[in-house]
Amino acid sequence: MNNRKYLLKKFMQAMITIFIVLIFNYFLFRVMPGDPIRVLIRNPRISVDALAEIRAQFGLDLPWYTQFIYYLKDLLHGNLGSSFYYREPVLNIIMERVPATLILVGTGTIISIFLGIIIGVVVAWKRGTKIDIIGLGICLILYSTPAFWFGILMVMFFAVYLRVFPTGLMSLPGVAYSSLLDQFMTSLRHLFLPVLTFTLIYIGGYAIIMRNSVIEVLNEDYIITARAKGISYIQLLKRHAVPNALLPLVSMVAINLGFVIAGAIQVETVFSWPGLGRLMYTALLNRDYPLLQGLFLFLTTCVVGANFCADILYSYLDPRVKLS
Amino acid sequence: MDDRNILEVKNLEVHFEARSGFLNNLLSREVPRIRAVDGVNFNLKKGEILSLAGESGCGKTTTGKAILRLVEPTGGKVYFRGQDLSLLTQKELREFRQQAQIIFQDPYESLNPRQTVFATVAEPLEVNRICDNTKEKEERVARALSDAGLKNPRDYFIRYPHELSGGQRQRIAIASALVLKPKFIVADEPVTMLDLSIRSGILKLMMELRDNKQISYLFITHDLSLAWLISDRIAVMYSGNIVEIGGAEQIIGSPAHPYTKALVSVIPNPERSSGTDRKLLEGEIPDPSSPPRGCKFHPRCSYAQPCCREERPLLREVEKDRFVSCHLV
Amino acid sequence: MSILEVESLTTYYKLRKGMVKACENISFSLEKGEGLGLVGESGCGKTTAALSLIRLLPENGEIMGGSININGRDIAGYTEEEMRQIRMKEISIIFQGAMNALNPVRTVGTQIVEAIKVHYNHLSDKECWERTGDLFEKVEIDRERVRDYPHEFSGGMRQRVMIAMALSCDPFVVIGDEPTTGLDVMVQAQVLQLLEDLRKEQGLGLLLISHDLACVGETCDKIVVMYAGHIVEYAPTDILFKQPLHPYTKSLMKAIPSIGQKRELIPPIPGSPPDLINPPAGCRFFARCPEAVAECERKKPVLVSVTEDHHCACLLVDSKVSDTSG
Amino acid sequence: MSDNRTVLLIKKKFSSFWKTFRQNKTGLIGLGILVLFALMAIIGPYLISYNAASVEEISTILNPPDSEHWLGTDDLGKDVLAGLVRGSRISLLVGITSTIISMLIGAVIGISSGYYGGTIDAILMRLTDVFLVIPWLPLMLVLTAILGANLLNVILVIGITSWASTARIIRSQTLSIKERPFIERARAIGSSNFHIMFSHILPNVFPLIFANTILVTAIAILSETTLSFLGMGDPTRVSWGMMLHFAFEAGATIIGAWWWIIPPGLAVVSVVLGFTFVGNALDEVLNPRLRRRER
């Protein structure tokens, strides 16, 4: 199979996935117990006529397939409906929150992958020694720790007990900054704890995957071939073991995005970080269904997109995939 | 049908469609066909051992499996004791499978690692609901094991394959074929994975079973010297076809087809000083999805004539019971 | 002087259950341009011996004693760093099953260039690739194919790539560890022919490890037969085939179907090789030997010269020898 | 005779399994942790009483640990240790039952998809992919929000959202087993598809399923904790996650009531670690793939 065909195939698969998610998403919010309109209106004494009018207004009197087509049409125009709670278009609310999450998740993920790889390689290299046992132990503990609880511990220790970092939020509300540098430093201080939490939580997972992957690669025959060439151990790691071990990590990182989002929800909730995760939490508390639906669709599309990118990357890294 | 024959294979064809998913079908129209077996003809007499020899990818294993309908043939006919196998009902197919069994190459792989010896050998009886009586079943399993040359068969009952040696495992595999009392066995490279010192034991066993139980064998092998050693006749396959078939001594002693000649010449022979009179072929076997026009062997054949490039030769009887498919013979 | 001289090499594996005495007191020598076959059944220690020579044993394997002389220098005590310097440059190895022996995600060319660069660091990139192309032609592959990936080659072709790699730094000694196992007869013959031609052309010392006595007999000048970690017989090929002395060698010979003679199945060797963690005190072949006498169970045979270059480790042969000489 | 044989077989299998497992130190530590928590869940609640403080006893609210309340009290004056003990029941119950659901779905889909191949495989794998890429926590949150937060729903939701990776692993294992000659042998003796799946594929993927079950239990317990913390747990059945939810909502972080925060979290970490240790050990013992090459 050539490269274009491979990409086309992967693209089609991604599209099918998104479509299934769309259908799923659409029906999910229509099987809610009770009448969605009643949930929406939250006024038990509304008259029957008024109800019918609202029903017609939302198109709920139409057959389900017509409704579904309207829904798709709206989606194409970027219309995700409007939030009960904020009384604003869902898309606007989401877009407002994207940067905050990107900063948190982006820095956290990059640092944790980078450090995870390094730790994984070192631990695999020293396998069987004390470094391996201690490193692996710490990684497993981090992997087993709920993100929110770790965040709470961070807050309690650094913000409440030591008082060196703020307990949460992205900036102090209503404070005028003396300079741009000051503002930057304040932001950095607010960013520190959430990013630290986020990074530490995910380092463990990445390091364990990397360790197992490196050990598996080190057992391959081509490693012995490479050693038979007389190359040094460092070169062996650099040229064969690590690049080949990184391959499974590429797809793992993409699949793990779901976990990363889970982490974002927890960390943002604990640190009152004004991103998508916290938005999801408040939407849940307020039972703000249109917002939830929009968020859910948005996040899923992001993960599907990331997986597609990982597939493209993978096809460049591993010449074998195009063949199968 | 000649009733001295237990098996007659006529124009057997197995063409695979190159595996592709739903999306691939959508994206590309042409589906390459792999011609694994491309018109194979032979007969097997009762109590005979016929070797099917050739390099990997020549279709010898697929032929064996297609005869047992473990792979569905896409063309041609197979008659077993005069019965057309393509017309069997599910029930008849089950009955056929009790008479025709297969032994695989790798005794490490052909036994389920999580089944005990008893479970493995008794399974054919259970699957075919042959005997429900536990005592009788144990009796038959024990007999099959001792027929396969294992002393004190009951000691093996609760052992697992990994506790046994390679030779013992292959005997277990043979026992699980024997328990159904078959009349015909396809032996797919049964000794290839075994050490030289164990091989002759398994081969001897197969010969004894032929003599005592009148079992006919289709012996699939890549090793011509082995084929010569144990079989009555040899059929040499190349790229999905039989190129030569005849008595074992004749095929090895005076090969007729250029391919057979080359194969015979490379049989390792320590008595010979190195390298002399070996006919090394250039290149490799053709891609089974696009075999060359004319004789499939012509690109590698040193005797090739213009007609070889155009016309595909048929299997012709050149002397009694000796068939060759070559324009030049 | 021999380019490779191995003297009582002993290698063990550490397992939880104990030491596996995989290879004991192995001695042989290899001259320039000579082919030596190391033959035996699975688990006889032939691969262990090969891996000991180039010091690529698994982590639990350890050389317990003996010397390995390459061009007169004993490398048995070399550090890993010193070993690195001579691998490929003086001694190289061709592994079996070439699919996994090559890194699947790098072109075969890069993998050979990598080897050249380690040992010829004065060469430029272009010269390295030039050299790789030349090597490809030497092993009869189109030089353009250096840019292909391993999965784009057939099994026989990959084995040729492995040979090209093994020759890339002009070693004196090449070890072929079952280089043709798993290949078809015709391809096997092609590869063996190629190895033989290269050996004679370049004056390589070729150590061919195989389970197939017939194959080795056809391509090698001398043969070492191993059983259960010991050398049982060591002789020039023609002498060995004409006059095998050790009972094990004799039964191996008989097991090869000899075309042109009478078709008959010889009786198999009964039993199986001994457990190498607790090997028997006497001859390791005792339990399966058709000619064994009571003494064999207790007394360990040593490798003795029967004639000048015919060596055998068997008490029966030993006594005959001492009879005639005494 | 044949019953006798079965007993012998089971004995033989178990003793050889235990012989290898015993050598795995982390596996033993994990097993120890799990046994401890299992005991705590089974008999713990009978030993410690768990009552809210009455109005007069206002002084017992939010007390740090002392001799009477070893782990202090919460904002209602309840004993944290007692809460921890009761919570272990809920957390383990949810973790184990939802894992069983998840494994059943995963195994059925994985085996049938791998064994039948073709269109069935294509459809099932698309479905699996969808479940694999849908962000897992939002899906669970949304589902529980819609279905209503009670214990049964939490179990169901965790069960039906966490089977995808299991199905993938089992499918690929099935695919490789399907290609092995003993399956063809089974077909050659006339076995039906059902027979082959049940007596040949299943026993060979079972070790993988088993090890995976233990590992998934760890994830299920983490999921339950997170779900509850985010307010989607059953408020009447207080699990460790729910304790943390109440503590967080009551501002225990800011007050510095560490005795209310640390124990439930530590309990989660230990149990998850215990399951992970045992799961990894089982994986190593039953599916020797990562084991270092010897010889």
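Residue numbering begins at 1 within each chain, and the chains themselves are lettered A, B, C and D in the order written.
What we mean here is this: a residue touches a chain if its C-beta (ideal position, glycine included) is under 8 Å from a C-beta of that chain, and two chains touch if they have at least 3 such contacts.
Remember, it's a predicted structure, so these values are computed and weren't measured experimentally.
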**Asked** Two chains share more C-beta contact pairs than any other pair here; which two are they?
**Response** A-D
**Request:** Averaging the CA atoms per chain, pick out the one whose centre lands closest to the mean of every protein CA shown.
**Result:** D
**Message:** Using Cα averages as centroids, what's the distance between chain B and chain C in whole Å?
**Reply:** 33
**Request:** Go ahead and note the Å separation of the Cα centroids belonging to chain A and chain C.
**Result:** 54
**Distance from chain D to chain B - Cα centre to Cα centre, in angstrom** = 49
**Item:** Residues of chain A touching at least two other chains
**Value:** 13
**Message:** Two-or-more-chain contact residues of chain D, please, as numbers and ranges.
**Reply:** 292-293
**chain C to chain A touching residues, read off their complex** = 54, 56, 80, 83-89, 92-93, 95, 97, 100-105, 111, 114-115, 118-119, 149, 151, 162, 165
**Item:** Touching residues on chain A, where the partner in the complex is chain C
**Value:** 220-222, 224-233, 239-240, 243-244, 247, 317-320, 323
**Request:** Could you please specify the touching residues of chain B with respect to chain D in the complex?
**Result:** 21-22, 65, 68, 70, 93-94, 97-98, 101-102, 104-106, 109-116, 118, 123-124, 127-128, 134, 138, 157-158, 173, 176, 180
**Message:** Which stretch or stretches of chain B touch chain C in the complex?
**Reply:** 55-56, 165, 167, 195-201, 203-204, 207, 222-226, 228-230, 248-249, 252-253, 262-263, 266-272, 274-275, 278, 280-281, 284
**Asked** Any idea which chain C residues touch chain B in the complex?
**Response** 41-42, 154, 156, 184-190, 193, 196, 211-215, 217-219, 237, 241, 251-252, 255-260, 263, 265-269, 272
